[in-house]
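The structures considered in this document are given below.
Next, two complexes with subunit A in common: one pairs it with subunit B, the other with subunit C.
Up next is the complex of A and B:
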């Protein structure tokens, strides 16, 4: 995408007063749906989707519209939150069998998961104005999917905040994520218990205005 | 002789190929069990399409996807304009791609990719 397209997108947003669509992206089980639910609960009193420890619980992009978030300085943003399926380059139905799912159901779930990943990539290319990229802070931030997705997001000139999630766990090391991606704001957070979630909201108001 | 086939594709050859031809070549070879090494890697847009097409080709018990590894992109100082100045070429680094059930990354950092390759 060139500079002219970027300017066109900015001008289009200004004059059409379009609500920005903020995509929550990341690998499976990074906490995307937990964050989408927390944002929806905190700012609109609704629930976005069902979170689960089984990978690929979210197999369709789910949009929650017109969420207004207000920062401590009184400034607000109104956005749509799009909770997307976890991005990966592999889906094996046998993984789901390990969670006690029957073979036929596991195959169906795997097929839906592949469709969901493809759909998430399509949203990123066509319909997303900004990204919250979720990384599990207990895992290696140099995982290939993180490197590829951050590169793809950068190439599309989309504003991005990296949420270093799961800081409630003892192995969490959000500083490794800062070291891996120093070019982007990194906000340590626990979407599960809400620790430092207000810092993420402040960064969203600052970054997605 | 039994073993694993490895194709190393030069930067010059990749430069002559349209994006879809590159992605088709990668997926066709990887589905046959070949490890593909690209000297100059893929652009972010090509990576995005590769993920999408890989998902469309996954079949139970036959193809479970790909393992792909590159070095992290080179660092630029953070700044107001750095986001807009990053070119696609900076992200195109040596890339290893193989079947998900045959290629396993052992360790990776800014200057090293260590991977295990098994037969089919």
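Up next is the complex of A and C:
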């Protein structure tokens, strides 16, 4: 690290000019990377990671820094977005074999996905200031992992917005997510085609500091 | 995963009542409770609801229903952070993983534990 970078970091810490880190959490295939990419594209013209229908495509946390989002009232927030690996209570290599991945590669992928979950939990404990929790609105929101993760986020007193994703699909039911987690703001959204994404940005500006 | 009813404060060992509400008072709100909190209160778990009909089972997610997997039961009092069922199959204890980076790995169904000493002696990050 150069002297100028070190000095910049010291001065930044000294004046508490810390950018809030917002973690995108949720089970595999909820659309976390699609959202991270959309935020990065919409507000900084970059791409965060590669989205895929294969679960656990993201196996390391990916941070996109210094994204400034401006709400309709003119208020702005500058944040780092952290796209995290999908959180689950079980990883099974057989899931990957169903997507045509060879057994040895599937076992390696499962090990990496397990390390990814541990890394996601580490970030949540050490480095995250707020959470966008993604739930696939076509699935049952009462999945054990959702209940556990919302509970863990609440216990750490982190601000959270729940994104009810995939409302472009016909069997999406975002109202079930509202019923399941009435204590948190729930924003129905399609990260794939951008439907109601502006509502999520408005909520982020309102909710995160 | 223990949950406490926000209405009557009854503590339940798992999430089975989250959908239909508390069988004691009918309240629909629950508070997630870690094993550490419970230990501090020195309070036993309410293992079954008193004189109430059996609740409906929680519907499995489509993902798990499709591939025939059952979600592993999470015990917040278990000491392992990761359990290796076989190469490529893992159960993850999220409650343990959020508390510490220390890795205690349980192997198979037997009570054989591997401790990752490197993770335990690694310098903790200063906040």
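Definition applied: the second predicted complex is superposed on the first by the 194 of 209 C-alpha atoms of A that agree within 3 Å, B and C clash if a C-alpha of one lies under 4 Å from a C-alpha of the other, contacts with A are read in each partner's own complex, and residues count from 1 in each chain.
The criterion applied here is as follows: a contact is a pair of C-beta atoms (placed from the backbone, for glycine too) under 8 Å apart; a residue touches a chain by one contact, two chains touch by 3 or more.
Predicted, not measured: the structure shown is a model, and the values here were computed from it.
Model built by superposing both complexes on subunit A: subunit B and subunit C clash. In the superposed model, A:157 makes contact with subunit B only, not with subunit C. Residues common to the contacts of subunit A with subunit B and with subunit C across the two structures: 87-93, 107, 110, 114, 117-118, 121-122, 124-125, 140, 142, 144, 147-148, 151-152, 154-156, 183. The part of subunit A that touches subunit C in the complex is made up of residues 27-29, 87-95, 98, 106-107, 110-111, 114, 117-118, 121-122, 124-126, 138-140, 142-145, 147-152, 154-156, 183. Note for the complex: subunit A touches subunit B at residues 3, 6, 87-93, 107, 110, 114-115, 117-118, 121-122, 124-125, 140, 142, 144, 147-148, 151-152, 154-157, 180, 182-184.
Of all residues in subunit B, only 43-45, 47-48, 50-52, 54-56, 58, 60, 64-70, 72-73, 75-76, 78, 82-84, 86, 88, 91, 100-101, 105, 108-109 touch subunit A in the complex they form.
The residues of subunit C lying in touch with subunit A in their complex are 1, 3, 15, 18-19, 29, 31-32, 34, 58-64, 67, 69, 71-72, 74, 81-82, 87-95, 97-99, 101, 103, 125, 127.
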